[in-house]
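Alright, structures below, take your time with them.
Across the two complexes that follow, chain A remains constant while its partner is chain B and subsequently chain C.
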Partner chain A sequence: MALALAIVLAIAVHALVTATTPVCDTVFPARRGDYPSWVYVLGVIGAFVIGSITRQIGVRRQGRVPMQLGEGPWANRGAVVAVNLGVAAFLFLITILMVIEAWTLDHGAWPITYYVRCSTDAGALVSLIGVIGYSLVMGRWMWVFNG
Partner chain B sequence: MGQFAVGLVLAGWIVLAVLTFTGVWPLEVAFSLAIAVLTAVLGGLAVYAAVSQARKPESEVLRPPDWLGDVEAYFRWLTPVGLFFGLVFGHYFWH
Partner chain C sequence: MTFPNLQVVFVAGLGIGLLVLLALADAIFIRTFRQPVGRWVEAWARRFPILAFLLAALFGLLVGHFYWSTSPICPVSAQGQILQAGTDRDCIPPHASPPPNT
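Moving on, here comes the complex of A and B:
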């Protein structure tokens, strides 16, 4: 999955670097690309759920017992500190992105969403594959059940 | 520390609400900043937890009280879903 996402990213970067004209409307990027919006929404939700389900199946097949932070192998001090610092880094990244979003909205510059719109307008299939891959990974990593 | 963090977030949100309703910022700017306040405080708590655990591994400083145990379990399941679906539907309908 990581390799697939890297390939998608490489294709997108190559297309952007080699483009001789703007890849989308530079004033107000289109709300819709080649595919209707529901394709993205349902694709993303489906990938998130499938990611979680395949993770659960993998855990059960391997006979592993999901444990919370502080239990079993996750009781190691280094693991606890690393996970907490990882969570902190993720939350601070969101903070920075939200401040950027607020600044762009307040100053009439492109908010982050416009870059997403531009990407779906410029390369619908690549964008769809990218968001589905990302959602699959998020479902596997984030939506894990202990029971 | 937990109560202090909750107070900090609420104070930040009240300031943002006042600034929004007095016309300083539009709602979408205040909304972004409200999330920024929340994640900044939660990030600070995560750093505090890491430092506490590094200094005293069995530290329970950030454990919620027992009566909130069920709520914690519920939010452990709900938070990833809320974050993810909020991102998807929030952008789909808002932007």
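Moving on, here comes the complex of A and C:
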């Protein structure tokens, strides 16, 4: 999986590095890509639900007992520290990105949002698959209220 | 490199790179702690359900912000010409007005 994703990343970077023209409008990146916005929104919602359902099916099939971090098999101190550090690092990354977004907006430069729109304009399918992949992971990992 | 391709490389690197890191973390967790990273994060989400909900909500907000098209209606001049301001290149042209009832 990691290898396949790394290959996709290498192909995308190679295409961008070797491109001789801008991959999107350099004045104002389009808000609308190749696909209408409902495709992204419904795709993300659907992937989130599918992620949650497949997790529940996995839990039932394997007869796993849902436990909290720090209980039973989830009490390994090293793993607990690693998971908490991972979440903290993710939140720190989001904070940094939001600070950059605020700074760019304040200084009249392109905010990160514009570059994301530019990426969507340049590679709509990769963007759609990527955001659906993230949503699937979020649904599997974060929606744990029903077991 | 041509603007904005370098910055798009960073977006692609962060977007796909995070997934690559997760897949690598999965392999490490299976080898070291005998369970994939997802199950450990599930256990974390059960321990901190409100934080998990907030993270999912943050993700939803970001998706809406980035991908939900919010193109405004283009302004129209007094002469009826559709104006496209510098910041609204992809605005939607307004519908033609219906003929007045006479």
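Simple rule for what comes next: the second predicted complex is superposed on the first by the 134 of 147 C-alpha atoms of A that agree within 3 Å, B and C clash if a C-alpha of one lies under 4 Å from a C-alpha of the other, contacts with A are read in each partner's own complex, and residues count from 1 in each chain.
Note that in this section contacts are C-beta pairs under 8 Å (C-beta built on N, C-alpha and C of every residue); 3 or more make two chains touch, one makes a residue touch a chain.
Quick caveat, the model's predicted, so the values are computed rather than measured.
Q: Could you classify chain B and chain C on chain A, in the superposed arrangement, as clash or fit?
A: clash
Q: Classify the contacts of A:9 with the two partner chains as first (chain B alone), second (chain C alone), both, or neither.
A: In the superposed model, A:9 contacts chain C only, not chain B.
Q: Regarding the shared-chain residue A:98, is it in contact with chain B (first), chain C (second), both, or neither?
A: A:98 contacts chain B only, not chain C.
Q: In the overlay, answer first, second, both or neither for which of chain B and chain C A:106 touches.
A: Once the two structures are laid over each other on A, A:106 reaches chain B alone.
Q: Taking the superposition as given, does A:22 touch the first partner, chain B, the second, chain C, both, or neither?
A: Touch status of A:22: second partner only.
Q: Mind working out whether A:138 is in touch with chain B, chain C, both or neither, as first, second, both or neither?
A: A:138 contacts both chain B and chain C.
Q: Give one of first, second, both or neither to describe whether A:54 is in contact with chain B, with chain C, with both, or with none.
A: Neither chain B nor chain C is touched by A:54.
Q: After lining up the shared chain so the two structures overlap, which partner does A:88 touch, if you call chain B first and chain C second: first, second, both or neither?
A: A:88: touches chain B, not chain C.
Q: Per the contact definition in the header, classify A:41: touching chain B only (first), chain C only (second), both, or neither.
A: both
Q: In the superposed model, which partner reaches more residues of chain A, chain B or chain C?
A: Comparing chain B with chain C, the partner touching more chain A residues is C.
Q: By the touch definition at the top of the document, which applies to A:77: first (chain B), second (chain C), both, or neither?
A: first
Q: Just which bits of chain A does chain B share with chain C as contact spots?
A: Comparing the two interfaces on chain A, one with chain B and one with chain C, the shared residues are 31, 37, 41, 44, 48, 84, 87, 94, 113, 116-117, 135, 138, 142-143, 145.
Q: What part of chain A is in contact with chain C in the complex they form?
A: Interface residues on the chain A side: 1-2, 5-6, 8-9, 12-13, 16-17, 19-32, 36-37, 40-41, 44, 48, 55, 66-71, 73-74, 76, 78-79, 82-84, 86-87, 94, 110, 112-120, 122-123, 126, 130-131, 133-135, 137-138, 140-145.
Q: Show me the residue ranges of chain C that touch chain A in the complex, using the header's touch definition.
A: Checking each residue of chain C against chain A gives 1-13, 15-17, 19-20, 22-27, 29, 32-33, 35, 37-47, 49, 51-53, 55-56, 58-60, 63-71, 86-90.
Q: Over in the complex, which chain B residues touch chain A? Could you list them?
A: Interface residues on chain B, with respect to chain A: 25-26, 28-29, 32-33, 35-36, 39-40, 42-44, 46-47, 49-50, 53-54, 57, 76-77, 80-81, 83-85, 88-89, 91-92, 95.
Q: Can you check the complex and tell me which residues of chain A touch chain B?
A: 31, 37, 41, 44-45, 48, 77, 80-81, 84-85, 87-89, 91-92, 94-95, 98-99, 101-102, 105-106, 111, 113, 116-117, 135, 138, 142-143, 145-146
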